[in-house]
Every structure is written in C-alpha cells, then in structure tokens.
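Two complexes, one shared chain (chain A), two partners (chain B, chain C).
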Partner chain A sequence: MHRDGSLGVAVARPRAAGRRPALGRDTGTALLFLSPLFVLVVGLILYPCFRAVWLSLTDKLVGYPERFVGLRNYEYLVHDDAFHQVIRNSLVFTVGSVALKVVTGLAMALVLDAVVKGRTFFRGLFLLPWITSTVIIALTWRWMFDAFPGRGFFNSVLLDLGLMDRPIAFMATPAGAMAAVVVANWWRGFPFFGVSLLAGMHSIPRELYEAASVDGAVAWRRFWHITLPGLKHVLIVTTLLSFILTINDFNIIYVMTRGGPGSATQVFATYSYQVAFGQLRWGRGVTISIFLAPLLVVGIALITRALLRERT
Partner chain B sequence: MRARTVLAAVGLIGFLLVILVPFWWIASMSFKTYEQLQFATSIYVPRQFTWENYVGLWTETRFPLWLRNSLTTALVVTLVTTVIASLGGYAVARLRFPGRESVASLILILYLIPPALLFIPLYRVLAELGATNSLSALFLSYPTFTVPFCTWLLIGFFKALPEELEEAALIDGATRIRAFVRVLLPLAAPGLVASAVFAFTLSWNEFLYALVFIQDERSLTVPVGLNLLIYGDVFHWGQLMAASVITTIPVVALYAFIHRWMVEGLAAGAVKG
Partner chain C sequence: MLQQRVSRRKILAGALGATATLALPGAAAPAAPAVKKGTSLRLWILKTYVEPTNKAVEASAQRWAQKHGATVTVEYFTFEDMQTKYVAAIENRSTPDVGQLETGAPARFAGMGQLLDLTSFARQIEGEVGKPPANVAPVTVIGDKVYAIPWYIMAPFWYVWRDVFEKNKVKLPTTFEEARQAAQALNRPKDNFYGLGQSWNRTADGYGVMQSLMYSYGVGWAGKDGKHRSIKTPAMQQVMRWATDIYKEGLQPADTLTWTGSGNNENFIARNIAQTSNGPSITFALENALAKATDAKDRKLKEEALANHLALPHPAGPDGRRMWAIAMSFGIFKSSKDPEAAMSLVAHLLSPEETLNVMKDSSGQFAPVLDKARAASKDYFSKNESYRNFGRAAEWFVGTGWPGPVTAAAAEVQASNVLTDAPAKVIVDKWSVDQAIDWEEKKIKEIYDTLRAG
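Entry: the complex of A and B
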C-alpha cells in the first residue's frame, strides 16, 4: 500500500516536470539489476587484469611460489630476438589480413548493393564464414593448402590445370605458412566488413547520388566522392575492431601452424601461450600480452568514443 | 546500366565461389573413403559416396561426449548470460542513476578486451576457486566475453522500445521490477533471442579458454577435441572433416533462424569480426 502510494508520487512528479528526476529515484533498483554484472566483471575480468600486471612483475614458474622481480620480464623481452620476430610477424599478419578484409569487404558491399533480387539471401550466405568456428576454418584452410593433391585443394587444382608438375608444400615455407594464415583470417573476417559497409552505404542519402547523376558524374567519381566519404565512419570503426581482434588472434595460427615452421608465424597470443604453458614461465608469458596493452588502450578508446557518439 | 548488371553478376559468382568452395571441399572429403583420400582418386566429388567417416567418428572416438560437453556449456552459458545481460542492459537503458554513462562505456570497453590477454591470470583465479579441469571452468569464464557483448546489444534493444508502455505500467501501480518482467521483457523478446543466439555461438566456437583450462579428455569441448584428432592420429582426415560438418550445422541452423536480427546488430557495429 505504502509502496504504491510513494511510487504514485514518484511518477506523478516527473510527469509534471516532463522527466523523472535525474538522481536517486532508480538507484536502488539499478544497483540490484547491475549487481550480477558487477560481480562477474570485478571477479573474473578486473581482478584477473590486476593479477596479470602483478604476475608480470614476478618470475612465477609453475610449481614454484611467485617472486617479485620488478621489471626484469619486460627487460628480458625488450632484448629477446624471438620476441622481436613475434612483433614483426604480428604486424605482417595483422596489417596484411586487415588490408585484404577492407578491400574485399568493400567489393562485397558494392556487389551486394548492385544485386536487386535475393540480396538478403546472399548477404546471409556470405556471412557463413563469420559464424563458423575459427578452429574449423583453420582446419579447412590447412587442408586447402595441404601438400598432398587428394587433400590439398590448391595442389589438386594447379596440378590438374597443368600449371605445375609436382605438388608444393605451401605450409612448409615461412612465407607460404604466413600467406596461408593470412588467407584463413581474411576469409573469416571480410564478410563482416562487407555487411557493415553495405549497411553504411544504405545510410548515405539517395539525394546525393541523384544530384551527382544530374551533374553527369560517372560511376567511379560517385564512388570516390560520395560513397567512400559516406563510409568513413563505418570503415574506421570496423577497421579498428578488426585490428584489435586480429593482432590478438590465437585460434587460426595455433591450429594451422602452431607458430611454425620454426617461429615464422609466431604471434603475440601463440608466443604467450607457448612461454606460459610450454616453458611453464607464467610471469614472462603474461608480460608478452601486456606489451600489447598500450596499443589496445588507444584502439579501445577510439572505438568506444566513436560507438558511444553514434548511439547517443 | 548493362555493364553494371554484368559486373554485379560476375562479382556475385566470384564471391559465391570464394565462400562456398572451402565448405564444399571439407564436406566432400567427409564423404570419401579412406582409399579415396589416401590415393587421391575422385578428388572433386566423392564418387562412391560413403558414411563410414560419420559412423567411425560416432563409434570410435570421444566425439559424442565432446558434443555433449559443448552443448551443455553453451546452454548453461547462454542462460546465465541472458539473465545477467538483460538485467544489466535494462538498467543502463532505462533506469536513472548516477554514473549510468560510465557503466555503458565500461561495458563496451570490457567487450573489446581480447581473451588472449586474460587466459593466464584467469587460469590462476579459476585454479584458486578449484574450478579448472572441468566444465565449470567454462561456465565461469565464458560469461566474461558473452556478458559484455550481450549487455551492449540489449542496451540498444531496450532503448529502442517505446517508453510510454512502461510508464503506463508504473502509473498503474507496478513496481520497476514488475514493469520489467511483465512489460519490457516480452517486448524485447526478439533482442533476447538474438542475444541468446550470439551467446550460444560464441560459447560453441570458443577454443582458447577450453584448451587452457581443461586437460581431462572427457571434459573437452568439440573445438579442442578436434585438435586432438589431428595430432593424435594423422590417418583420420575423413573423420575430422565429418566432425567439422556436424559441428557447423547447429550454428548455421540457429543463424538461419535469426539472421535478420543479427544483421541489424552488425549494422550497429556491435559485433566481433
């Protein structure tokens, strides 16, 4: 009874003012509704983040107590040739696949935009790689590039077309293995660009194109002066998002090459895993991922700003 | 105009080939006999079609067990995620409290933190809770990426619902909680379904945490189990392909069901790629 009465007042007042009061009214309910989220976030995300920083300052080996060593792990990695190669590999892998995704995604959006009948169907079909498990995608491309003709698609086709006279072991060479993991990552990621860019294209006002047609602008000029500038925002957000996820990729590389041959495709996440669970050096393993943190902070800040602005 | 049509048709065929050839390659290999694979006969289409890989996979490997583990994990995580994310999403979208904007940004930031950054410390935390080496490790760790994502998605859905309906319920004397359960949740059903499908798919496909947190072969999920099939016995390519086909089917089926909503979510730029 009492409760209903007070609620009635609470609702009646903002009705008069046009809005509910900004402070206080829902704080209790909000705390109640957000508490499971907070428990999860604090216990299983923020606390582990804090533990990661602490671990990176120790020489924690599995089975031994952790000992504080200051910045020694960081110092070690700065001078570690293997880690330098990891940085180079990660950049080649990330820049290569993201660039391919942008170009292919743009082409896919233009093609779908020109398709009149069954666009929704094709859009759904083209998204298939993006919902398939990355492990299965990695396995698939491992077989596509396999050296044995009956299992390797490229070897089978190239041999049948008479373009080569014996099979090539693509995955056995450093450059071939890198190309293979880039292709697998590209194939999984470009449909996301395609669909996002298509949505972006449809939010560009029609009148701009009509005006340009009246002025006699040819197709590529319309693309260059209207479509591309109109897609700037979507392009920046999707590229940043993809960059963050690609530079942290683990699944594709681990399943396809395990970082090999040698360490030709070793990237941040696989190296961190190898040091932590292969060599059992947890302190150093964590430090490897922390080296990415500054880059992530910048990327995340940019995306957050762009998306929050879009939503409000 | 004609040039544009021809170009679009060529582009469409090109993309269809790029997307479908790898799927077809795997599916066709899963229907080949061991001899066909070994001696590279009937390369492109399995002439003399066989189910032996599927039968072998089901009877000779632990795949059925892994499938059950994956399904259990995905269902538990989806349920937990839906509850936490719908409460949180509603609070941020509709309730007025100090720090609301900060909570919204925090959720977005958490969604962008890559799992590759957290697997080592999370392993330690789970070990201290005594939760490693069993599915409970996954029940606890998967919500760390499904919840921020689904909450972010649901904030958008709740914000898009008309405020008047809820206000009417409040004027009729309902409490906030009642209004949420009786009025808003049913209206947000499409959003809840989309968010549940995302949570399911993300859990179903997850690899790194399952690889790191579980060693017992009986508690593995499908993605990690498949990895064992490759390195465990190199002669079982056919079974591996069959397993890939079986694992992909449920996600494709779910996705065909919600694909329209999913694309809307994508357009909001809220989805991992």
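Entry: the complex of A and C
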C-alpha cells in the first residue's frame, strides 16, 4: 500500500525515445521463461472460461454429449420466474451483506487504529471469522437462529429473560431467512474489510490529521475529509472483491437454508447447483452461474480503468 | 448395448467355489461368476445414518474379497452428495465397478449408457437370490432390460407417540385426513407441543412424503406409459390443501419449513411433535440411546421412549396406500474392467445370508426386497409392531413417477424440487392452491417437453 492510499497498481509508462526493439536476441529466452505462465493462464483461466461459455451455449446433459443450441439457455432463464427470484435474492443477499461489511469493517478499522495497547492481539482476534471454515460458520449461525426449544442461542436468551413465552422461528419467513444468511455472511466477511481499511489508514500521512487539528477540525470532519478520501481506493477494491465473492457464495446458504423456505434464499450458486447436479442439466446450470459475468466484467473493467486513470 | 453374458460353466464354477454350508437353513449359495485372483474392484455404497449398517455392508464386501483373493475398495456417498458424486464420476469417466443406486438412478444412468445390461445375469442368479416384487421391479427395468438388481427398501414410516394418542383418546391415524384430525386434537402450542411435523423441504423427508401423499390420492404426473399427464385435477387440489392446511392451522412448529433432514427426527425424539414421517433411523436413535443409558433412571426413561414410539405404515389416501421410498439397488458400470468379478460381488452381496447379515445391523431400516431374503427375514421383523411394519415396506412401495415406470423425466421432476416448492409457494408466498398447481404443472410439463431421449 502506498502512502497516498492507493493500492500500488503498477502502471506501464510510455518508454522514452530510443528504446530497444520489441523483438531482440533475448526474445527466445523471454518466451521460454514466460511459457509456464502462459500455460497456467490458458489452462487455469482461459480454457475454463471458454469452456463455461461454450457449455452455456449447449443443451449439455450429464452423461450425454453436448449439442449447440445457441442462446436458448439464456432465453429460457430470461423467462424463468424461478430465475427472476434468484436474481432478486442474489442482489438482496449481496448488497445487504457487503453494505454491512463496509460499515462494520470501517468501524473495526477505526477502533483498531485508535487502540494502542494490544492492537496486534485484537487484530488477530477480529480475523477469527475470516479464517474459520465457512461451513462451521454457517452451522454456528444456523444454531444461533434455531427455534428448537432449548438450543437456539437467541431464542434461549429471549426465553430465559422472560421476554417471550415461545421460540421465534427466525428462519421460517422469507425475510427472516434472508436476514439470517446475510448476517452469517456479514460476520464472516467484515474482518477482510477491517484489516484492509486499517492498512489503508496507516498509509494516510499523519501530518494531514495534525494540520486539520490545528485548523480546528473535529474528529468527524477529519474522518470525512481525510480518512474517507484516503481510503477511497481500498474501499472500492475491497467492495468489488467482496461483491464478487458474495454473489457467488454457496456454502452459507446451502448449509443454513438450502435456498428455502420455498425459494426465499435461492441464489445463483445454489440454483445453479440444483439445476446442474440435481436435474443434470449442465448447460443450463452453467448458464445460471455465468449469467451475470458480463456485467461483472464490465463493472470491474470500468472501476479498474478509473483507478488507473487517477494513478497516472 | 453391451450385453455381458456369463457362461453356464463359469457360473457353475463359481457356485462350486461358494460356500455350501450357509448359516441360514434352506439358503443356497448364489450362482456367482468366476473371479480372477488379484482382481481389484471399486464399490460405492450409501452411508446411512445407521452406522452399523454401513459397516456390515463393507464387511460383507471384504468377505467376498477374502474368499476370492481380490480387493474391494469401498467408497461411501451420503444422501447429500449421492448425486454429485455420480455426476462427477460420469463426466470424469471414473465410475466405480459396482454402485448402489437410489430409486431414480437406474433409469437416469441407463439412459446415459452408463450401466451394463444385467438381464441375463439377473435371470441367472434369480434361482439363488429370488425375484423382487412386481411393484419394485420397475425401478431397475428400463424398457425390457434389467440395469440393476434391487436389494432393499429404505422406507419412511408414520412415527407417532403412542402414549400421547392413548392419553388423549385419539385414534392412531390410518389416512392422511385422520393424521390431520389427530394433529388438531393433540396440538398444544402453548406447551410447545404440536400435533404434526411435516416439512416440505428439499430432502427425501419433503419430496418423498409429497409423493406418497399425491400417489395415495391417485395423483401422478405421468401415465402408465411414463408420459406426462396433467395434475390439474380435483384430487391434486385436495393434496395441496392437506399439504398447506397443516401449516395454516398452526398444527406444526413455526420453523417446520426450515428443517433440513434431521429436524423432524430431533423434534420427534424430543417429544415436541406427536407425529412425523421418517425412516427407521428414529428407532435406531432410540435403541442406541437405550444401549448407552448411564444409570437405572436414565435406562427407565429410554425404555419408556422406545416402548412408546410407534412406526405406523404411511397413511393412506382416498385411492389407497402408496408409499414412495428409497429403493436401493446394485448396478454395474460399463467402465468396469472386470464385469464378471463385479457380477460375482453383486451376487455375493445379494445372497440371502449376506443380505440378512446387513439387515440385522440396520434397526429395521433395511427391508430386503428379493423374495428369498424376504422369506428369511420374517423372524427379524416380528420383534414388535414397528418392526412388523418395517418388514412390509416393499408391499406399499411405489417408485417415482407412479403409476408409470421410473423414468429420467420423473426422476428430474423429483430433483427439481417442484413438488415441495409448490406448497411452499402457498405457505410462504401466499399463492392460492390453484396458482401453485398451475405453476407446478407448467414446470413438470416443461421437464418432459425438454428432456432429451438420448
């Protein structure tokens, strides 16, 4: 992280006049050294991507050879009411989770930045959700929201405090189930924001705060005019990464609700899994999972370009 | 289709090699094909909740291996990853030699050309292991060919707390309607005790019971020829009303729809509900708990629980009692390098002696279907009323897609969750019953219209 708060993305600058020709006597050696990377990129990134796109253009069923059907899978999904609900659910789940992560991650970073004693300990402590297995987290939150008498954490506390006389089925309603999976995802992901933003804060020059204090700026104004602008790039990148990871999340929803009740928490990954592995329709299953890819790619490209432009 | 035939001579050779002194009176050694020494096979089996059953199947396979100087690598799949593992194996061409297949799998995998035609083999071992009942056989017969051989039925039963019914002078249910009435009579939400626990979730506890309900009301989405037929009937409206009224009337715990697999077991064993549908794993849990009782008081409590729980046959509907169940069979994959050894292993596992060995470690969950083993299992299933019902599982069994044969399309209807999503739309999204049926009809028809024949 650079002191100006940027992520230190390397930017190619135009070479000065008189540069060496692109193809020289070292070309062969260069290509030789680049070839492992080329193989990795093609084998692990390009081929799977092209294969996924190709499968989405076929009516591939498990056990049968694929047949090209053009955009039929996309056309089907555009008219599929279940998929419409999946899009809505995915957006609510993702936007809700990421928004919570940004707010609490920022709070975590601010608190840790202010703490002098035991900062390393607290930083490690806050990272626990991030390093714990997602399945364990999902099971734990499922247990927390459980309505089984004497077992669910929230229900036990509320019953023991005499605030109610029978358990609340938190996850039995669409809104409750969605809230539960959002909370679980938020809890797992906010340390990532906290740690990234804390690193970003450390790169903001202290002199700016000192100057602002001398000029009489209160804490809120210092945060608004120095900290937030200084964290802009980190915030954009972490939000983008978190958005991508969250919209593709499978484990939390599968373990906690299986997409239920009904289809209230069915998202891209769980619906894709059901169609591909349950119904054995791989072509359609792949289409579900890559449906939003073009939008995400455009979003990433625009944000990256904007970041690079500011740097140069 | 590749037809693996086993010569009569080889069968006789195998039969000679097989033990002639079986523990069971009257049971004979299966006519097993000959096995080359050093043969190595991969066997995929279901890991059930009843751990001793799993170990018993594995031990049986190892007995075969020891007898023939072969090796068998046993790999497990669970209810959860059954489909995923097979799908991955099929696409990666790494299918096992022998695999346990659930109800819809023979139709699906045979359609893909993955399974060996076992028609001749089935006929050859019929004399030794017997035949499946006429209602079970269609699970493994596709067209006129046999692609797998059924082994056992793992059926759901209608679990009730007998003492609760007796204390409240409520009749034990024999029909779905009686079950609902009993739930109304026994419901005490203020005490956190509910009359029923039936989740329309995405497990066999959901789609399995929904099929039993539909078929018992005479509703099927396919005809006898296996082709699609409409479910937009008055009987389906009755089915959907039953399925949703139990929620609307508050007869169940509020979180019932969120149960995933074990919720009904837990709530029943904890005596939060008076009745639920489940496989005999509840009986296993209660038997196991008794075996682990810590002191006399604990033992008394667990004995009472075991005595008071009762597994009834699944309720009937106006059209009869039709119980959807998991019918497990053995299939041999075409990728097997040694199909004859695979057949020998299957013949060994299906033999009445081995079948009964496994069954005895199943707490009633394993109900054999081949008639020789069924005949030999009568004593085991006469233990008490619950066990007597477990032993009759094959009688009430119907497969996915009743009244037609199990087809790939019927299996996909089940896998698409449309059967349980429809009532959930009424309960959760407040759709009308007719709206939900229209939606379900559209989804099912679409599956039949778009599924490739091959």
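Everything that follows uses one rule, which is that the second predicted complex is superposed on the first by the 254 of 312 C-alpha atoms of A that agree within 3 Å, B and C clash if a C-alpha of one lies under 4 Å from a C-alpha of the other, contacts with A are read in each partner's own complex, and residues count from 1 in each chain.
The working rule: a contact is a pair of C-beta atoms (placed from the backbone, for glycine too) under 8 Å apart; a residue touches a chain by one contact, two chains touch by 3 or more.
Just so you know, these numbers come straight off a predicted model, no measurement behind them.
In the superposed model, A:Phe83 lies in contact with neither chain B nor chain C.
Shared-chain residue A:Thr304: touches chain B; no touch with chain C.
Of the two partner chains placed by the overlay, only chain B lies in contact with A:Leu110; chain C stays clear of it. In the superposed model, A:Ser263 makes contact with chain C only, not with chain B. In the superposition on chain A, A:Phe243 makes contact with neither chain B nor chain C.
Considering which of chain B and chain C touches more of chain A, the answer is B. In the superposed pair of complexes, A:Met171 makes contact with chain C only, with no contact to chain B.
Within the superposed three-chain model, A:Phe277 lies in touch with chain B and with chain C [touch as defined at top]. Contacts of A:Phe93 after superposition on the shared chain: neither chain B nor chain C is touched. Shared contact residues of chain A, touching chain B in one structure and chain C in the other: 148-149, 276-277, 282.
Listing the residues of chain B that touch chain A in their complex gives 4-5, 7-8, 11-12, 15-16, 18-19, 21-23, 25-26, 29, 36-41, 43-44, 83-85, 87-88, 90-92, 95-98, 100, 103-110, 112-122, 124-125, 140-141, 143-144, 147-148, 151, 156, 159, 167, 170-171, 173, 175-177, 180, 201, 204-205, 207-208, 211-212, 222-223, 226-227, 230, 237, 240-241, 244, 247-248, 251-252, 255-256, 259-260, 262-263, 266-273. Taken in their complex, chain C has these residues touching chain A: 83-84, 87, 90-91, 108-109, 111-114, 189-190, 192, 201-202, 253-258, 260, 263, 266-267, 270, 272, 412, 415-417, 421, 424-425, 427-429, 439, 447, 451-452, 454. In the complex of the two chains, the chain A residues touching chain C come out as 59, 61-64, 81, 146-149, 165-174, 177, 257-264, 274, 276-280, 282.
Of all the residues in chain A, the ones that touch chain B in their complex are 3-4, 7-8, 11, 20-23, 25-27, 29-34, 36-37, 40-41, 43-45, 47-49, 51-52, 55, 107-108, 110-111, 114-115, 120, 122-137, 139-141, 143-144, 148-151, 153, 156, 160, 187, 189, 191-193, 195-196, 199, 219, 234, 237-238, 241-242, 244-245, 248-251, 254-255, 268-269, 272-273, 276-277, 282, 285-286, 289-290, 292-293, 296, 299-300, 303-304, 307-308, 310-311.
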